[in-house]
Structure formats: structure tokens, C-alpha cells
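Letters are used for the chains, namely A, B, C and D, taken in the order the chains are written, and counting of residues starts over at 1 for each.
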Amino acid sequence: MLDKNGIAKRIAQEIQDGSYVNLGIGIPTLVANYIPEGFNVVLQSENGLLGMGPFPFDGEEDADLINAGKQTVTTLPGSAIFDSALSFGMIRSQKVGLTILGAMEVSENGDIANWKIPGKMVKGMGGAMDLVASAKNIIVAMQHVNKAGESKLLPKCSLPLTGVKCVKKIVTEMAVLDILPEGGFRLLERAPGVSVEEIKNATAGKLVVEGEVPEMKLS
Amino acid sequence: MLDKNGIAKRIAQEIQDGSYVNLGIGIPTLVANYIPEGFNVVLQSENGLLGMGPFPFDGEEDADLINAGKQTVTTLPGSAIFDSALSFGMIRSQKVGLTILGAMEVSENGDIANWKIPGKMVKGMGGAMDLVASAKNIIVAMQHVNKAGESKLLPKCSLPLTGVKCVKKIVTEMAVLDILPEGGFRLLERAPGVSVEEIKNATAGKLVVEGEVPEMKLS
Amino acid sequence: MINKTVKNAEEAIRDIENGMTLMLGGFGLCGIPENCINALVKKGVKELTCISNNAGVDDFGIGLMLQKRQLKKMIASYVGENAEFERQLLSGELEVELVPQGTLATRCMAAGYGMPAIFTPAGVGTEVAEGKEIRNFNGKDYLLEHAFDADFAIVKAWQGDTAGNLIYRSTARNFNPVMAMAGKITIAEVEHLVEPGELDPDQIHTPGIYVHRIFQGENYEKRIEQRTTRTKSEQHA
Amino acid sequence: MINKTVKNAEEAIRDIENGMTLMLGGFGLCGIPENCINALVKKGVKELTCISNNAGVDDFGIGLMLQKRQLKKMIASYVGENAEFERQLLSGELEVELVPQGTLATRCMAAGYGMPAIFTPAGVGTEVAEGKEIRNFNGKDYLLEHAFDADFAIVKAWQGDTAGNLIYRSTARNFNPVMAMAGKITIAEVEHLVEPGELDPDQIHTPGIYVHRIFQGENYEKRIEQRTTRTKSEQHA
């Protein structure tokens, strides 16, 4: 089983050199810590920042400089600031190639739900609906099962959707999976020490296992 | 009869203090010279300049600073520069309240033609179609008759239209007229020395004369 | 130039009345018009519809107006930081329209650009699309979303001149420029009000033509929502 | 940051081929990508569709490409300064689509904002509206106009950094920012190419994400089309 940092570490392997990436709140934010040294990857924050740098040093926080998670951040040499409309302009026009975000549920056809539990929780979708409707590549970082022990990889989402047929890949504490064009979660990699059987039991949606499934390599 | 400067001078009386105005090429450009002292009027140039100043002094021309007529101009304290999309954004959203432009023909219902003579002249509409489709107040500055002696105030335009039912007022070398809601050129003022009869003869469209028509006051 | 200066927030919001629709700039607590919000709370104007990306926190920003029950309706994209908001929403006291963030920004921009509606793929196939027109362009579905129509837009900038030109600082820019363009009347509060000519025309973010009233705000708290830092020892992490 | 630098105009346009659609920034001769235009003329690539507000003059700007018959089609708003253009148009050698200036700018912007189409009142009731969908919003008619789809956008900026961030100077900005956003591949030539960190993030007009190739141009002529001046004696006119 991976911890949150392990999930982030594995997802970081999906990031290509020379790419623009949007990281959602939670585990996705941690991915930034594992981008390979020497890679030129530019992080976009949808409130209006391209080239997001690390957190500021203690005492150097700037209330005017935050990311989409409302955290104080920094700029880097070559950063650019813009308004929220242009920010989603570059998202909608697919200049931001990869979006990594969390989810409450993912369905076997790539639907995602992550913004609302009717009658219980209404935080809002923020920029997630725009991101999943537009990005070429969408990777979900989440736990395989919820706190009640129920699978979050479902035949069909039960919660209100954030986007349809958009998720390309899922990384959980147990596995790496992608969504097959014809539907179904294809098991690509197992977390260290996790068996295919355990993943099967934790996956409510259709799981496709082709041949030997390798263990993740986390350097 | 007014000369070009006379037309410009009369039109300048239509400009309100505290307003944003777009001046077309030709006579409208001259209007800037007659804006009353002390008036705060901001000229918008649709290539992307708000607060257009006078022509530069000899030797101080800047190739990067031109107006929509491609003339070298200057900025003023408080000017702003922006791209062409935002420029037409402020035109479309009616922040630029008054447009003054030339015309080849105007019809009695307020249609205007000023961009094309089929088979003969194709300069293009530039920003004129956007301006006449959006501005709240549109004043045409033109000669009453063309070089062939034919009236340019017509029952219906013969040339391809620039915009429909948009012209509010017309100032020519002979007269000031507005367009009645039900159609027709209402004669508001005569140029010094010009009779109602002469204006009637030079106007092919329906001319409405109500009572005594005063002579223009050009201070 | 045209002088847009008013004395203070009270004068700027003098004619905001019960039942009006207001846009309020800012993202989270970053770049919010603190002075105007405080003046609205003091004025006690009610039944407002507020368009803003977030709803503040319980004791700051729009949260202050929520506490005084001044809002009839909130149009926002994310309201997760505000318990009082959630309470009013779940109890039915507050009407809420949740809008994808990009759609929210673009519906503001559309108003400022004189475009009555825009197309966006955000929300296709979700409950956001319910009752909306869907149109396919080049094989992809888009929703038709309408421009906002706000009586007032209230924004916060870093610098402004008396002609209404605005410059924002860092990510406090966020929704402020698109809202500044979108109000029937736009009010800008700025940290530094200067004379025309002191701002470089090439660096203006919001041209003054969009701004109707401007004043220098005071006592900015600029509260930080998520103070995240690293220690010097992490410098080479 | 991602380094977008190429050596020069020849390298920047290396893969522009016959029959492609190009956007070219500039208004009149102001802010045009002189280096790339010269390189395109030298390369002799043909059957091009060019989207640009104007068509240059006979011996400068896009006019140079017209003289060499490199254009199949021109999409522009105003072409009054170019006699060779008018000749090719009237003789039928050149296909021309005249587009209202605001529509031209907004169709570029739409591409950069990922919006497939926009609504504008410009051209309603005129021949520009022929064959186009008209839609009424709030009692006013608008035309549905589609985003442009260009293989390359070629723009000129004043300053740029190797990450592709651009700053324009004065009204040489014009169409450049909206075209920079709109190309499948965007090429920027700049007067001053600097290292990342030398440009203030708050002052960037075009964020580098939109720019694929950048180089420092040379020998800018920056020709003035209408040199208009006043004498010092007119100072107090």
C-alpha cells in the first residue's frame, strides 16, 4: 500500500519534460515535490498563475500571492500572472496538457464525481469542471476505497458528476489503472506488496487484468 | 455652406463633457480640434488606445504609437493601451458612447453605407461595422451630395450596408439632421446662408421640416 | 481625462439598494474589496444577489454579509470555507447557484466584451447542464452560458489613477479585471490612488473607461487563508 | 521554465508549408513580424491563407508576399492601402474574406480561449451576415461567428523571455496578443529577448504557455504609414 506521498511519487512519473500541468488540491499538490530533477515542468494555478514556485519561507508569505488551494506560494523566474478568464482560456484551449486531481468516485467509462454529496456537502466544483472538460490528459489521484470501505472505482458514479468520459488514468494506494476506450479499468501496475486479488476486491467496476501485472517502480 | 472644418466644428457641439468618443477617419478626425476647452473628453482609437493625444511634434514620431487611421499620435496622462479584442469589447459593451464617422450614403431609416462600391472599390469595413452596430449614439459627418452631384441622403442605400437603423444624426456642409424613429430626415439646422429649399433639393430621402429651421451657431 | 474619484467606500456604494445584483472581485480572501464589503455590512442593504468566486470565511469577506443575512442569492464556484454559508444553504435560507470557475469568469468577461453568451464544455453531462442549450462544434459538446448582468461590480486593485485605470498585484488580480469590465456601474477600491500619468499606459490591466468610481481604501487586513511556508532548511529539498 | 528559443526567423518558420493558414499580427505596418514575413518571402512558400487586419503596403509587410503571389486567400478587415491587393482581388487571382475588425479580433481571441464561436452584432443586416446564423438576445440581433483555426500565428513583441512570455510596446500591441493565443503553433519575434526573471510577472501581456518559438529579430524598419506631426508653434493650439 502506498501512502499519500507514494501516490504522488508514482503520479510524478506520468509528467513529461516540457509540459504544463495543473495540480488539484490534496494529494495532487504533493506531486510537485517529486517532479524529476532537471525536468522543465510549469505548474499552472487556475486562479491566475503560470510557473508556481514552492511555498514561501517563514515570514515571507505574501497575501496577494496564493494558489488555487488558497495556499501562500511563490513565483519563479519566468512566471506570469493573469486574470481568471485568461486562466481558463488556456485550460479550455488545451494549452495546459495534464490535469491531476482528486475524486470521490470514478466510473469505468471515465466519469468523475468530486464536488457534491447531495443534502450533505456542497463545496462547489471550483475549477474542476472546466479542467476535466478540457484537458487532454486527466489523471485522478485518490484512495481506492472510501472511509466506509466502499470502492470508489464504480460501474457508474452515484454522486453528481463533475465530468463525463474524461479520466484517462487513476493512481491509488493500491494500483495504477487506465480507462479502456470501450470502458473498464485496466490494471497496469500493483503497489508494492498488493495482490491482483486485493485490487479486484477493492474495485466495484469492471477490472481488466491482462497477463502478468507488474509492481510499481518507485525510485 | 460649411467647409470640412466647419462640419467638424458643428459636430463638436454634440460632444458631452465626461464622455468617451470614437472618431473615424477624415472629417471626424478634425472634430478633436474643436472640443470645448475644459471639457474632459477621452478619444478611443479602435486599434487599442484610450486617451488619444495630439499629433507628435516633428521628429518625435513613434512608429509604435498610431491611431486607427495609421497616423502617428501621442498619449496623454491617463491613457491606456490594450489589444484589439478588448478595444472592441469596450465598443460592443457600449462603454464608448459616441461614434462619429463618415459615410457614402445614409438612408432615411438610419442605414449607413461606407465600405464598398461593388466592382470598383474594396477597402474593407475596418472597425466601422462593429462601431455602428454597438454605439449608443452615432453621428455621421459627410458631404450632402457626392462628386457627381447626387444626394447621399437617400430613401434607401444603394451601396452595400455597413449597418442598419443605427445613424442618429447627420452633419453636412448644408445642414444638421436627425433620423426620426418612424423614418425620415428631420431638418434641425441650416448652415449659414443655406436655405431650406436648397437642402430639400439636395436630399433625395424624405425630408421633414417642422416650423422655422434655425441657422447653425458656430462660435 | 475624466475624474472618477469618490471620497470613500460609503460614497462609492451610496446608491446600492436592496435587491440589487453585485459582483465582488477576489479569489478566496485574496484581492477582495475589503472597504466596500465593510461599508455594505454597515449600510445593511439586503436581499442582495452576489456573484463572487467564493463566499469568504465566517468572519471575513462576504462571510460578514452572510452573518447579517444580507444575501438572498449567491452565485459562486466554491464555498467550502464557510460554515455559515453551508448552514444557510442547507436550511434553504440562501439561494445558491454553483457555477464552474471558468464559466463564472467567462460570463463576467462576456458582459465586459458585449457578448451576450459564450460556449464552454465545462459542465456538459453534469447537473450544471440541466435546462441549458447544448451545441456541438467540431465533434465536441458545449453549453451555451449567458453573460452576467450586474448592477454593480466592486473590485480591488493595487494601483489606480483618478481616470479609473487599474493595475493589480500578483494573484490578487484573479476575478477583478473581468468583473471590473462587467458592472453597469463599476467601483474600484485601490491601495494606491495616483494622478493620471503616473501609471504606464502599457501596464494598465483595466482601462479607466470601465471604471465609474474609484477611491483609495484604508486599513487593509489582507488576511491569509492557508498560510503555508517552508523553513530555510527545506531550501534545497 | 521551458525554453522556446529558436535561432532566427528561418528556423522559426522551417515547417510552414504550401497551403497553410497563418495569422500575422500587426495593425497597418505597426507591430508586424517583419523578420518572419521576410523569411516567408525568401522561402517562397505558396497558396497561403493569411489572417491579418491589413495586407501591408505594396512594398512592405504582407504586400511583399502579395507581390510574389504567395497568397491564395486573405482574411482581413481593411486593405485600402494596397494597390496590388486591389488588383489581384478585382482580377480574381486572390480570394478575399473581409471581416469586421472587432469580429476579426474576437475570432482570434475565441480560439485562444477555447471558445468555438462567439456572438457579435457587427454586420447584422449587411452582406457580412449572409449565410450566417442570427440570434436574438435581449431584443438585439447577433451573428454567430466561428473561432479561427490557424496552423501558425506569427506575432511581434517588444520584449520576450526564453519561456515565451511577451510584452508589447504601445499600440504595436494591437492584434498580436489575441493572435499569439490562437495559433496551433505560435511564433514570436521580439526586439529584446531576455532571460526568465527579467520580466515582471504582473506585466506579461502574453503568458509563455501560448508561445512555441521565440527569437530576437533584427534590422527592424518599423515603417510609418501616415507620418503626421505638428510644429512647436501649434503647441498651444
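Heads up, the rule we're going with is that contacts are C-beta pairs under 8 Å (C-beta built on N, C-alpha and C of every residue); 3 or more make two chains touch, one makes a residue touch a chain.
Note that the coordinates shown come from a computational prediction; the quantities given were computed from them, not determined experimentally.
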Report task. Tell me, please, which chain's centre (mean of its C-alpha atoms) is farthest from the centre of chain A? Result -> B
Query raised in the report: Does B-C or A-C have more contacting C-beta pairs?
Result: A-C
**Report entry** Separation of chain C from chain D, taking each centre as the mean of its C-alpha atoms, in whole Å
**Finding:** 32
Query raised in the report: Rounded to the nearest whole Å, what is the centre-to-centre distance of chain A and chain D, using the mean of the C-alpha atoms as each centre?
Result: 37
Requested in this report: Averaging only over C-alpha atoms, locate the centres of chain A and chain C and give their separation in whole Å.
Outcome: 28
Requested in this report: Specify, in ascending order, the residues of chain C that touch 2 or more different other chains.
Outcome: 106, 113-115, 120-121, 169-170, 173, 201-202
Report task. For chain A, jot down the residues that touch at least 2 other chains. Result -> 75, 81-82, 85, 88-89, 91-92, 134
Query - Every chain pair meeting the contact rule - result: A-C, A-D, B-C, B-D, C-D
Query raised in the report: If you look only at chain D, which of its residues touch chain C in the complex?
Result: 106, 113-121, 137-138, 140, 142, 146, 167-170, 173, 201-203
Requested in this report: Could you please specify the touching residues of chain D with respect to chain A in the complex?
Outcome: 1-3, 111-115, 161-163, 165, 181, 195-197, 201-202, 204, 207-210
Query - List of chain A residues in touch with chain D within their complex - result: 18, 20, 40, 42, 44, 50-51, 75-82, 85-86, 88-96, 134
Query raised in the report: Where on chain B does chain D make contact in their complex?
Result: 33, 45-49, 54-73, 75, 81-85, 87-89, 91-92, 111, 119, 122-130, 133-134, 160-165
Query raised in the report: How about chain D: which of its residues touch chain B in the complex?
Result: 27-31, 53, 76-81, 86, 89-90, 96, 98, 100-106, 108-109, 120-128, 158, 169-178, 205, 222-232, 234-235, 237
